[in-house]
């Protein structure tokens, strides 16, 4: 069942258009993550769904009802803010009860809702505290608890982990995943700039860039079959390497010649008209390996070696006009700086993009 | 600079000493008024107030009891006994029986005045005056005493000013008049300004920056300009001179600072909290009363103190909008100015009246100084 | 309220008991305010634009367009009627004559005002106040702020120096009248100033305190002003690009004002050495022409120093500690740290403090009114205006002098609005 749908939604501040033609269907029980670099419009989109920003064009439906002009409280949503936004002058209990009181619930209803949410989040013993007497992780849990008690149709999370330190962030991320497991029916929308959060939490990821949706899909789908160079380089760390190449043979498999002498044949279909065209070959650093044979993709001079133990990251001198080239090899490799190395990768792990950056898979 | 290695301790001492001197200079005037308000008129005009804090030697003249009524026979002479002090005895350093030599004897000595007449003065002030009947007659014998006067203070001035005084000397009515002006003139502008400040801080509407600029501009308009037009207006619409007029005037005159101060504070509250309240279903009115007001308490307190001090200490607005020809609604500042004119030399009255008028602001000041400082820091236009 | 009963004999308690009436007003006034805000919102949401039916969403948005104005209305009304409108009304009144039934008389009131010696005396005194009170208050405030910054009982000391802020101008006037009090020579003086004065007998001590010390202070002051003037002259003659008309005008003002101050200090110097001081005679300080202005200014300086101190103290605390530590490592002594590192960093705050005190000075009324009422050449504009309005009943000239005060305030007004708008962007 469709829980939330955006049709041709756009947003502009005066003449500045920050979101264009956003179309998205979100099913009940999904955990959707909006991810993208800062300024891509992901937070604005979330705030439009919440009703904190007006919608300039298009329609927003929640549970089949158009809610463009409905105030936030009546949309059936709850939101967890980046700064938690706990009311500093109210106890934990009052923070969680505030919305229910405004909605005119009886004190019995309020009490049982607050108590059960507090139990789920292990906040029972903190109900009488003021927010300033809580740790960062506890505040985060109160903010989540506050949204749970409202029993909303859609949960909205606006970068909820970015104020936590690294260790707590991992722990809370797992808690949120467990929370989602325990509430399979509830829909969640989660905004982050951190691709690890996106990959680990999402049932589907929405990649936003420059006010557009670049791709929507399950985490591994985005990793394995990115729709364009932006998604390809945004998902995965270090980012995917892009190599300039020319198509030398077309058909069910495509053959390429790299500008610096390497060559490859990838199991991706191409059209006859692609013959001789300039394309970009994408290869993830972790798919690369060192080879001694002439069957290499890229040959380059090693600039920097980062030995991390479990992996070794090799940075190569970029060719003129090209991006830095990175390889991430498992285990320990003792290679001297300045060595000329040949690198290769399995053909099925290679990605092919046309000159505009679009993947050959999605043509 | 204590933490810095190799610093000169002489400099530290100079700093401490300078601060002590400055504090004393700033405190001295107020302490003078305070001390003077506990001295009698005679004490004030006979010595500077700073002298009253220490024991002083003072020449006084006493007279023994009337011999005709109080002499009793003791053998063939008569004796008059008594004490020169009414209350507690004071240390006597010397005494005499003639104005030519007021310190001829020490306490416990007897003065021989010839003809069998003598006078014995004990250190505790009791005396025995003995002599034949022809000497002990007429008025009592004068005794010149050099006594040490310890610091001596009285509550009498306050008694006069607050309770028993009549007419201008009684500040009780003016005190309550001032209170009557001050309390509504402090609370009402807060309520009105808080709503306006919230609108200017957190509500979206066209013309908002212009309105803020308007408030900033009015912040510095001298209220002198408002006097005639508003007095004409008040007289024209029938408010006339009285409490209503002064409340309205104080409310309006305090408004720019109130709006400016409160808006600056409210705009600094986290946006997330207000948006979260919106998501929670609060209306603007509820956000204001349940979230903004409690969180703005420090700013509200700051402004309340400002407005209280300003209305309590005001003279001009009260003179123009409140005090009519009958003078029944006079406030303390005005009464003190009138006292300065009519009783300029009566420092016991003036000092006490002035201290009565500044006592409450001083209490408020010391109790709530924290908020006053915070308000000052937020209120000065940057 | 036993006192109220004493006066009223228990009858007509309400009408005659100001305390009760005040209480009543608070309840009514605050209640009415809250009721207005509450019910106007309720009516807006349920009657005019009900959030129900098919137009619910649209109505909510419409109600949200109106609501700010509901919140703003009482404050805007008060501001407009009591502060904005009077500015224009006063301007109009200053061009009319009350005795001629409010007839338009052009600039006649201004002409009359300009022809009065008392007006020019008020202008001269006001200028003196404008230079000395902000300068002295800011300087003392900065001094105390710096001295108390690092000592353990600093907060206590600051609190005591801040205290006069709570005292009314009238109360302060009484306090200082006691200090300036004069008794005939044969009685003991109860005013501190005369008591100290009578200790001077023309000997070495008098020479030091009354001649040498003032000379040093005046020379130091003149040198400081001359330094600022010299800096401004150099800035004007230097070939630089930042020569906007505003800064040029400001520098010219600084130069002219500075030269005037230097001249005043030098003539003061001549006065210090040229005059024979009346040793041994108690002085009536408040009737000494020209000098009595300074005795009045002391009252305001005494009050305003605390204000300057509080703000500057916070500014000093806000200076990054690292800049001071860097200066120490660079070998700066405490005075260099203060004048070359700290003061430049809080220059903005010093300007704010200075302008705020300037505003207070322009409006100063109570002190002069209570202490001298403008006699003995101590008139200032605010008291001159009050005199014209309520003693001479001359609303035309009174309004004209109020407009003069407004004109003197206007540069600060423009500057504040400009800054506020800049900050909002």
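As written, the chain order gives the labels A, B and C, with residue 1 at the start of each chain.
In the analysis below, contacts are C-beta pairs under 8 Å (C-beta built on N, C-alpha and C of every residue); 3 or more make two chains touch, one makes a residue touch a chain.
Here the structure is a predicted model, which is why all the values come from computation and not from measurement.
Q: More contacting C-beta pairs: B-C or A-C?
A: Answer to which pair has more contacts is B-C.
Q: Need the most distant chain from chain A, centre defined as the mean of C-alpha atoms.
A: Chain centre farthest from chain A's centre: B.
Q: Of all the chains, which has the CA centre nearest the overall CA centre?
A: C
Q: Averaged over CA atoms, how far is the centre of chain A from the centre of chain B? Could you give it in whole Å?
A: 68
Q: How big is the gap, in whole Å, between where the Cα atoms of chain A centre and where those of chain C centre?
A: Result: the chain centres lie 58 Å from each other.
Q: Distance between chain B and chain C based on Cα centroids, please, to the nearest Å.
A: The mean C-alpha positions of chain B and chain C differ by 23 Å.
Q: Going through chain A residue by residue, note those that touch at least 2 other chains and give them in order.
A: 71
Q: Enumerate the residues of chain B that touch no fewer than two other chains.
A: Residues of chain B never touch two or more of the other chains.
Q: In their shared complex, at which residues does chain A touch chain B?
A: Checking each residue of chain A against chain B gives 47, 50-52, 71-74, 77-79, 81-89, 98-99, 102-103, 146, 150.
Q: For a test of understanding, state which residues of chain C touch chain A in their complex under the given definition.
A: Interface residues on chain C, with respect to chain A: 56-58, 60-61.
Q: Which stretch or stretches of chain B touch chain A in the complex?
A: My answer: residues 270, 272-273, 275-282, 286, 290-291, 294-295.
Q: Contact residues on chain A for chain C in the complex?
A: 68-71
Q: Sort out for me which residues of chain C touch chain B in the complex.
A: 1, 3-4, 7, 17-19, 21-23, 25-26, 29-30, 33-34, 37-38, 41, 45, 64-65, 67-69, 71-72, 74-76, 78-79, 81-87, 89-90, 93, 140, 143-144, 147-148, 150-151, 154, 157, 159-179, 181, 183, 187-192, 195, 302, 305-307, 310-311, 314, 328, 334, 348, 352-353, 355-356, 359, 362-363, 365-366, 369-370, 382, 385-386, 389-390, 395, 398-399, 402-403, 405-406, 409, 412-413, 416-417, 419-421, 423-424
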